[in-house]
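Each of the two complexes below includes chain A, the first together with chain B, the second together with chain C.
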Partner chain A sequence: MSGISVILMSTLVLGGLYLLMAAGLTLIWSTLRVFNFGHGALLMFGSYLTWSLLNQAGLPLVVSILGAVLAMALIGAAYEFLLVSPFIKRPGGDMTVMVATLAATMLLQSGAQLIWGPEIKQLPQLGSARIEIAGAVAQGTQLVTIVLAPLLVGVLAYVLKRSSVGLAVRALEQNRDHAQLLGIAPRRVYLAVVMIAVGLATVAGALLGSMQFISPAMGADPLLRAFVVLAFGGAGSLPGTIAGAYAIGLLEAVTTYHFGLSWSPVLVFLAMIVIMLVRPEGLLRSRVRAA
Partner chain B sequence: MRALTWASWPAFAVVLVVLPLVFTDPAARLLLILMAMYGMLAMSWNLTLGFAGIFNFAQIGFFGIGAYTTGILVTKTGVEPWLAIPISGVSAVLASLVAFLPVLRLRGIYVGLATYVFSQLCIYLVLGQAGLTGGSNGIVGIPRLTLGDTSLRADGRIGYYYLAAALLFATVVLVRLIVNSTLGKSLLAIRDNETLAVSRGVSRVRQHLIVFMAGAAVAGVAGSFNAFLNGVVSTDIFGFGYLTLLLSMIFLGGSGSVYGPLIGAVVVTLVSDYLRDAGAWRDIVIAALILVVLWIAPKGLAGLSRQALDRWGRPTSARETS
Partner chain C sequence: MNALLTVDKVVAGYGRSGVLRGISLTVGPAESLGLLGPNGHGKTTLLRCVSGLHRPTSGTIAFAGRDARGDTPGDLVRRGLVHVPQGSRLFPQLSVEEALRLAGTASGHGKTWRDGIAQVFDVFPRLKERRRQLTGTLSGGERQMAGLGMGLMARPKLLILDEPTLGLSPKVKHELSECLVRVRGEVPAMILVDGDMDLVLDLTDRYHVVLHGDVVHSGDSDTSRTRDEMMSLFLGGTADERN
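This part shows the complex of A and B:
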């Protein structure tokens, strides 16, 4: 039965990574009504920053990750200020924001290439803990991912439910005009949301950078998976995203185990198309509207 | 006004014919060829992206599918090379039917997600079918197009230039026809007020499907041309590089106008060539250019030039209104 436990273990790791990416995208989508195509590049930049803090500034690994999260949150603030808010109010602004975030991806990718050069980098394993359940082994970064991702997103969901910021986020999500009438300043909420989302992406970047290698293009794949998660679980709802992330993780783990690495993305995408065709309103909730 | 528009067609054709006689240097000719090819792609993409307002990211996939169709046909089956060009257009149209599936039931940004994933999926399919597509090595040794005994490469690629120019001219005619037809008007109506347009009897799915297929056909032909021009096809063609390059052309030039993307194609090709030795700086400059245009001139260069023309033509009224 080691096949099943291996699949489950990899589901938890993949699902956790996708969750960190998709939760941020969902949050941005539900409040700002735009998609951030630069999320993968921000993940990559966060990964490089962690590497720099660790290897060039000589900080301990955990401190490096925290530092990178803080620095990236600031970059996220600039990102919101320069790329999202100037366009969001224009007619057809969602498309403009999309193009602007694609341009940002270009900037970040070439910037990373200039700053960190072409040689491949990697972060060390996060811890040396190791558990073995029914023949499947999870250790180091994998174990951290399994625990940390749902924990962070769970805390986020809790905060969104309980705090006043969360209330403002949900108010904007439901009715932007009405929320503004009630005295909620959308700009501030937008800023907070983008900073949180970029912070989560940075954590994903640090985890990914220690499981694989760091390269300027490393964000493309996680971004693609996060898109599928959003289409699957319903962009705009955090519980839907959590379920979607682990569903895609499971689908990918199963198809990789049985059909190999090159067919797994094809099957995942086909599943996504079928679901979109059969039940767009069920999986995407009521949020399908002419944006 | 109407007479002016009609006079502009022969003028445009004459310019296209004369250009390579002015720029005889092979490097300059190659640039002209690239401008024409990118112009085709950008204009056809803008049909869905700008005029129909569909978040279509599959266009780059259609371009690649056209290139791979040509590559496979001429290296594996020995089809007459010239015949491969229309066949590639057809195969891109068939692919567009698959990519259109999400557009049936989804709206707005979700279409963007699904079509973006479609383009990326093409890469995995190509890598998965390595026996047919050469996998990550790509397809090499695509024969050059010849006319009689002369290669289109001869005399500084003049043959390729005229082929590209003819294709570009046909694309411009096609896009003008679509935009000025009832189809084009209904597309604008759907984009700007879908509920009203549908209540007046416009079928969203049918109109969007037609324009989707038309755009895909042009992209497939452009992909085929690209395969013959380079002699190789690789998965780079589906990649992020082409996607951002073309989007920057469309939005730099102005997605709201017919000729904007063509202007953008000319400008971005020139900038990109000027900075070809600058490595990563090239992308930084192009990205910065897009952002600056988005910030200060949301209608792109075409919008700017129209503004300038208006001001120049009607100085007083322009001042009054502004």
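This part shows the complex of A and C:
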């Protein structure tokens, strides 16, 4: 019996982490039509920055995370300014941007190695709250992840649904030329989208740095999983991404529990290939958009 | 007369293929101009240049007495130049009301978009019935109405309509023509491109015929409008070019 509750708890933690990553990637994909390869490295950088604010600047943990999110949003703005906007409007510019984000990954990883050195770091647990349900225990950062990730992405989805900014983002996704003719400035929307996405990745980085370790390569794994989530949920749809994140979390929790940690990634990617064969538009992709 | 829009010797194209070959025209502040001519001869490219979506290779475009080169579509919309593009794709996953609201707020009428929507619903009662429906699920005619309504939301000084009746059945087209008459009453100046020659001549004061990226014939819409004359110009013109 406790097997099921352990799997479910693990699903909520993993799903939440992937959700924070994939929501930003989806937002970037649906507006800019590029896959941001740098997203994992940005997560890693945000994690290190949180560590520095905590241990070198001596700020409280929550303040450190908030500070890192703000600082990373600014770095996200620079990222958009240097890597995205110079190329995106050129013919075939989306490929150039994707290569540029790959290059940024290398740069950020080497930068982190230079700044923070090779030894592995860790953030402390976020709080000491603890709950136990049917033999499964969630405490500290895990518990925060379970609550915070859907909350943040839920707020994001609500803002996209209700506000004028959200309307502009969705309009740009659906018809770029016409959106411009209405008076929407794509540059501003891109900037906002990248800053929000990087902010969410930083939160994921802080949570991951507290549950596992901080290292220059720590972003690679979440990036790959978020990529699978995008394929799973249908890139560009936020509800699909939410469902996809928890589906992948569940899949990983089940396979880890029954087959072991080393088999789990293999099975996750196998599932992705099957999904892409059966439903190439993603699990929840709506018909209206496909038309 | 001070022109609202002046297009002077504009050359434009995509890559190496030239589309516009030094086209010039003007639109007065209370005037409606029709553009006729077969597809693929540069009408849409001209309109995209005017509204800032496409950069001309050379030539000048001025709107409301100011050089419009370098202005983004957004700058121009906020100054009153509003382009309703060809095709009825719109924003398939926005509801009619959301799309209209966006057209109001994005064009700088963030405070008065509610009044704007009420006015648009007066012009298009059908849109009021469909207000909660996603634009992607509207019929072809309703989609064109939604596109026109979004254009009106920006309170245009000059409204540019590119093929508003494209692909509509005769019955729906007739209904939309009546809407277009009402739209003409709502906007000071207009440029209308459409394949339906009679519709264009009915709704405009002057017309140009555009062939191979330039104006080859011009006239007043309400005089000398024998259909035969226009037909022979169209067919004769293209036949000569082919030979």
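Keep in mind that, in the parts below, the second predicted complex is superposed on the first by the 282 of 291 C-alpha atoms of A that agree within 3 Å, B and C clash if a C-alpha of one lies under 4 Å from a C-alpha of the other, contacts with A are read in each partner's own complex, and residues count from 1 in each chain.
The criterion applied here is as follows: a residue touches a chain if its C-beta (ideal position, glycine included) is under 8 Å from a C-beta of that chain, and two chains touch if they have at least 3 such contacts.
Predicted, not measured: the structure shown is a model, and the values here were computed from it.
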Partner chain(s) touched by A:154 [first = chain B, second = chain C, both, neither]: neither
Touched partner set for A:167, first chain B, second chain C, both or neither: second
Partner chain(s) touched by A:3 [first = chain B, second = chain C, both, neither]: neither
Touching partner for A:228 - first (chain B), second (chain C), both, neither: first
A:183 touches, of chain B and chain C: first, second, both or neither? second
Touching partner for A:175 - first (chain B), second (chain C), both, neither: second
Partner chain(s) touched by A:99 [first = chain B, second = chain C, both, neither]: first
Touched partner set for A:60, first chain B, second chain C, both or neither: neither
Partner, of chain C and chain B, that touches more residues belonging to chain A: B
Doubly contacted chain A residues - partners chain C and chain B: 288-289, 291
Chain C - residues contacting chain A, complex: 51, 53, 72-74, 77-78, 82-85, 89-94, 98-99, 101-103, 105-108, 110, 134, 136-137, 150, 154
Residue numbers on chain A that touch chain B, as the complex places them: 29, 34-35, 82-83, 86-87, 90, 92, 94-96, 98-100, 102-107, 109-111, 113-114, 217, 220, 224, 227-228, 230-231, 235, 262-263, 265-266, 269, 272-273, 276-277, 280, 284, 288-291
Residues of chain A touching chain C in the complex: 164, 167-168, 170-171, 174-175, 177-185, 286, 288-289, 291
Chain B residues within the chain A interface of the complex: 49, 53, 55, 101-102, 104-110, 112-114, 116-118, 120-121, 124-125, 127-128, 194, 240, 243-244, 247-248, 251, 255, 279-284, 286-288, 290-291, 294-295, 298
